[in-house]
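Shared between the two complexes below is chain A, which has chain B as its partner in the first and chain C in the second.
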Partner chain A sequence: MKVRKVTLFDVVSGIVLALLALVLLVPFWQMIVVAFSTTEGYVKSTYHLIPTSFSVDVFSQLFSSSEIMKGMLISLINVLCGWLGGLILCAMGAYALTKKNIIGRKFIFNFIIFTMFFNGGIIPLYIWLKKIYITDTIFCLFLPTLISTFYLLLLKNSFISIPAEMEEAALIDGYNEMQILFKIIIPVSKPVIAAVSLFLIVQYWNDYYNAMMFMNKPDLYPLGLILRNVIISKQALLRTPVAAGAVLPSEQYNMALTMIAMLPILVLYPFVQKYFVAGVMIGAVKE
Partner chain B sequence: MKKASVWLNLKRYRYVYLMLAIVLVWYIAFAYAPMFGLIMSFEKFSFAKGFFGSELVGLNNFKMLFSDRYFVQAFKNTFAISFLRIVFEFPIPIIFAFMINEVRSKPFRSVIQNITYFPHFFNWIVFGGLIGSVLALDRGVVNGIIQLFGGSQIDFLGDSRYFRTILIVTNLLKEVGWNSIIYIAAIQGINPTLYESADLDGVNRWQKIRYISLPGIAPTISIMFILFVGGVFTQGFDQVYNLYSPVVYDKGDILSTYIVRTLKEVPNLGVQAAAGFINSVISMLFLLVSNWVVRLMGQESIY
Partner chain C sequence: MKRISAVLLAVLLALSTAACSTSDRGGSSTPPKTESKVESKVESQETAKGSEEPKTVKMMADGMDDKAISQWKLLEPELGMEIEFLTAPGDQFAQKVNTMMATGEEADLITCEDSLPWRSWAEDELLIDLDELIDPVDHIYVEKITSSDLFKGYLNDGKRYVIPNAHHGNDWTMVVRKDIMEKIGNPEINTMEEYYDAMVKAKEMGYIGVGFSLDDGLVKLQTAFQFFSYFGGGGMKPDGRSFDINNDVVTDLSVSDGTKQTLLFLNKLYREDLMNKDYATIKDGFLSTYVDAGKVFSLFTPAGNIPMANEKMQTLDPSFEYEIIPAIGADRPEFRPITQGFNMWKVSLIPATAKNPAGGLKLFELANSRTGREILIGGEKGVTMTEEGFSEDGVFTIIPENCEKVWGNATGISPRWWGLMSTVYGYIPVEEYDTYEEAYANEMIFSTSQDVESDNPFSNRNVIEAGRPYGGVNVLSEVALPIESEVRPNLNNIKGEYWNKIITAPSEEEAEKLWEEFVPQWEAGGGTDYVAAYQEYYDENCK
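Now for the complex of A and B:
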């Protein structure tokens, strides 16, 4: 291949891309600088672009706060239940829908699809969850969103392309369909399972909505809701006259808490990068 | 089907039916039950009397909604913001994909891709909190730059004139990289011999984009456009709810935030359920139309 000449287009587009990356990095960088600065250091610096002081006080404060630790634990439980429960149920539904001989298959398919187009909305759901005693329990965090019809269809589209011979061989070996799903179908669908897992883990780790709507017990607040209450209530307070006398958590505290909330995703990120493309491709166009 | 063969079928696939039953129980309990609960939007709902015991009031709740200035505003805002998202948030990731694809330095490209994909994985509490400090009045970097060039401070998040612009720009910052992945993959999927023969013909880069790349990814663009339009109406709760404050309700309040906000301020469950009903019906129309167009185009629709 011949070497292309560097043109004006390359220069302009390179600058635009670099600027975009810079604009995205600045808030994250500021967060790190603020989280690690001392109170005096924070007051002295205006824009927090260059670290001038160093302290891990707020982190030790956070890690010794039972509220935060409990919140992390709740979030972890929520991730595990929402991810594994969601994945298993979606996979079971998806696999069942690949079976052509199921009675009423078309009806069941439409029954499931319909929920993608229409839902009852948050208010009836809330009333209903209250009626069946699910609000204010840990189950209200993941049960209402456990099955995502979208992921169920993704899995179904992926399972359909698995050669039928694999399954027939397993049937001859005496496996039942449930064993086939968990021992053959899921293991051979690794990329799509990995992509869906990634999306589910991120979704449940970040979630605050279910907790905000259905949970009234501060004891069972996940980290996301605690973070929202700290950060957003502060921003809202700043815009109301009440703010004058109120004691607000320090900015270092907020930023350190934000960092802690980001941590698991940061850890996960390098391992899942290779599944991004698979994840969005199966999500959008099926050919 | 004969009775015996139905029995045989049930027996042969008993494990499949078992799995299906578990899944369907979830759908009935958490998707269909709330739909029947929508009857409350025609009621003066009382929790003690329940979905089917409360007093029916006909369309009263809907009349109340449309006489509520804030609801009408949220209704209009939802359409206006959806329109802005279609105009700006849809095409810009495509342009971004072309720019990324033209970058020749592999390390530079992968650094840019990683940085721009990254914010997609955070919710708007995290990203909105960071945006809030960058746009802050006194210690915000953006206002610092404005003052450096002699301008005066702007209260970005506290002025409804800027709010919609901020919604669009910050959502683009957060999602442009992620939303470009599919187009980058599509561009790279184009048959390389097309470019090679174009090289032999001495075609320049713009012409290659115009006559090879763009037509090559046109099917992807059109399907993504339809999916985008189908989903745009229900988008944005997370972003709006975590960025706005009472001072920007007039330009920023959307139906989903209106429902949650009024639920917390003055619970009137029948009326708020009616607002949710309207929201669900409109978003269903968006989805149905977009799905219908996907089929017309001869693509196998995902639904």
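Now for the complex of A and C:
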């Protein structure tokens, strides 16, 4: 077996990548250390990478908070609705656009592309959501962003590379278009479906903007917005001269909450990673 | 074909843009403000015709969570209306208010930063002229605060559109380590020289003289107020406004001799290692309370944080104790005048689209009345405070175990008593005085009986007493002109660059040389126009 010679470039790029990995890992590790420290351990040295104490007090405090638990539930519902709804609608749209016999297909396609670059902005969107009575409801979290042009294009490019003979065979077997999409096209497009799923899940789990703009009541805030409020609003509050009147969350609380918010994505990522690169590259090269 | 596609796309774009109009009248080009006003007038007319009084008042404020909303809902029986809250995170609140104003959202009262373009809203008739709503008898607090000399700058063409939210000066105090003071022989600290000497002694024992926590850099030296105050300097407020008015001549304190003396003194501390130098890496605004707590002799900080710092640090060193000391140079525990005010905390306004503007005003009045302040600070009788409620002199008894359950803390700090329509931990007795200024100077600060009995040095009453309102405020202290957005960023950059250089200069001569460079740079960078704009405003509105 021929062993490839290790070049200077390999060594340099290896070192650079290792350093980059370290830059990403150190804050993450510090977050874990701080979150699991005792108060005394944290006060003694607020920045330390080798754990000197262990406590899960902050986590029990977090899990007993109805606000956090409710936020997690809202985020979960948001992810489920946004992911499934987005995936189904984008897949249906993408599949339709692969049909060459649709009248005005090119125009429709161009119009969809147009929305990637131009949109009405936040004020028309706010007015629209208000008029259909979904502000201050959980629907405003995922409905406005349910169809993403980018994901639709990814799916279309993937679907178009599937041999037409498969569809023809299904038609001969008596399948209708919906059956072809859900029983033939989607099952053979696992990589791109997994990649788009990951994008959608991360997007909806981390999203706080829709809630921030369209939710006026805090009882429906998702976890992302709660986390953001705890960390960013605290910083804003600290600049005020009356912050002493407020009961501020501790740094350990922030770290633990950040960990909880990151965990689902970290757990999910290894399972879809193998599809990830393959999925986004599908259809990238025209043969 | 391509041309047809392009034309069709253009038509679709035009149609979708038209569909975004706020009008209900099928693409009418009527501007939203006119429509809002029409709607508002129709609503007012309907109410005037004898329709039932509105049962709900919609209040918009930042950062309201469930606990805060529950606390404010305790006002409902007294108000006779249900309070509905619209909220958004504090740092994004301005964007939300802008969106809501643009979309004609129906809020009856909005509490927001005064930096929002409320003057433009007033000119565009998006705000209700409060002169039409205020009844001097029913709205005595609003009447007095909006007509006070202190807030004259908040008039727009002589009309009242916003209500300043009162703020009781500050609760930042000078604190020193009591245990270190004992070790260095309890020296008297009445002047900056005596403070400097104490810092030198503390340094000899291995401590840092004074700690700064500056996550925004030296230009926003909030934790250095004490020094600016002592030397009569200014310009370190985050928004940078710091005017002095002498014989009707406006000057900016950023370039005053007092500021020069302050910076030179800070430079001396820097050169002699009497101040911490790790401020650039400290991200948490109050982190010095914890990070430096074990090594810093003194600091200037919100007093409310000190008990927490003491408690935490005593787990490591039982002798550790911070205590409040009188402001240096003051006769008693009070702030020295620093010629810039913190007498106001945000503003409240009523949009023209409000369905219940009278309700919004009633809520503001109630929240600032003695009854309202007692409810917001003490909570519910028999739940968070005892059935006796408040005594004549503003003392009430909390029920700690219930406070823990309802408010999340056993110390009796209710959620959002501060920062919403007022930051006064007590009451401004406007009925008893002719002017708002007199009433404000005689504010009653509440206290829990537990704090009174234990003589808690960090009780709200003691802390606020130690941090009494700044003196020397003037009518420009609370005014922000449009020129702010034009030149302020550049002036702040110049100031940031030079102040940092001056404080960290290797010698006094170098520091002085940098000051001499700074002043003309500041003037040429927009400072001259900036002061001229405020002078013009002062001449027209405040003389």
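Here is the rule we use: the second predicted complex is superposed on the first by the 259 of 287 C-alpha atoms of A that agree within 3 Å, B and C clash if a C-alpha of one lies under 4 Å from a C-alpha of the other, contacts with A are read in each partner's own complex, and residues count from 1 in each chain.
The working rule: a contact is a pair of C-beta atoms (placed from the backbone, for glycine too) under 8 Å apart; a residue touches a chain by one contact, two chains touch by 3 or more.
Not measured: the values here are computed from a predicted model.
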Inset, instruction - Quick one: on chain A, after the overlay, do chain B and chain C clash, or do they fit? Just give me the call. - result: clash
Legend entry - Touched partner set for A:F63, first chain B, second chain C, both or neither: neither
Inset, instruction - Based on the superposed arrangement, let me know which partner A:F271 touches: chain B (first), chain C (second), both, or neither? - result: neither
Inset, instruction - Have a look at where A:E177 lands relative to chain B and chain C in the superposition and call it first, second, both or neither. - result: first
Inset, instruction - Examine A:I113 and indicate which partner it touches, taking first as chain B and second as chain C; both and neither are also allowed. - result: first
Inset, instruction - Considering only touches as defined above, state whether A:E251 meets chain B (first), chain C (second), both or neither. - result: both
Inset, instruction - Look at A:I231 in the shared chain and tell me whether it touches chain B only, chain C only, both, or neither; answer first, second, both or neither. - result: first
Inset, instruction - Could you tell me if A:A261 is touching chain B, chain C, both of them or neither one (first, second, both, neither)? - result: first
Inset, instruction - Mind telling me which of the two, chain B or chain C, contacts the most residues of chain A? - result: B
Inset, instruction - Scan A:I123 for contacts with chain B and chain C and give back first, second, both or neither. - result: both
Inset, instruction - Scan A:N216 for contacts with chain B and chain C and give back first, second, both or neither. - result: second
Inset, instruction - Name the stretch of chain B, from among 45-53, 81-89 or 207-215, that runs into chain C once the two structures are superposed. - result: 45-53
Inset, instruction - Could you list which residues of chain A make contact with chain B in one structure and with chain C in the other? - result: 46, 111, 118, 120, 122-124, 127-128, 130, 213, 228, 232, 235-236, 239-240, 251
Inset, instruction - Could you please specify the touching residues of chain A with respect to chain C in the complex? - result: 39-40, 43-44, 46, 67, 106-107, 110-111, 114, 118, 120, 122-124, 126-128, 130, 212-213, 216-219, 225, 228-229, 232-233, 235-247, 251
Inset, instruction - Please give the residue numbers of chain C that touch chain A in the complex, ascending. - result: 5, 8-9, 12-13, 16-17, 20, 22, 60, 63-66, 69, 85-92, 95-96, 99-100, 102-103, 105, 167, 170-172, 215-216, 222, 238, 284-287, 290-291, 302-305, 312-313, 315-316, 342, 345, 408-409, 413, 415, 417-419, 423, 425, 460, 463
Legend entry - In the complex with chain A, residue positions of chain B that touch it: 1, 6, 9-10, 12-13, 15-20, 22-24, 26-27, 29-38, 40, 45, 47, 50-51, 99-100, 102-104, 108, 111-112, 114-119, 121-123, 125-126, 128-134, 139, 141, 144, 157-158, 173, 176, 178, 181-182, 185, 199, 205, 219-220, 223-224, 227, 237-238, 242, 245-247, 259-260, 263, 269, 272-273, 276-277, 279-281, 284, 287-288, 299-300, 302-303
Inset, instruction - Write out the stretch or stretches of chain A touching chain B in their complex. - result: 2, 4, 7, 9-10, 13-14, 16-18, 20-21, 23-28, 30-31, 34, 46-49, 89, 92-93, 95-96, 99, 101-103, 108, 111-113, 115-125, 127-128, 130-132, 143-144, 146-147, 153, 176-178, 181, 202, 206-209, 213, 224, 227-228, 231-232, 235-236, 239-240, 251, 254-255, 258, 261-262, 265, 269, 273, 276-277, 280-281, 284-287
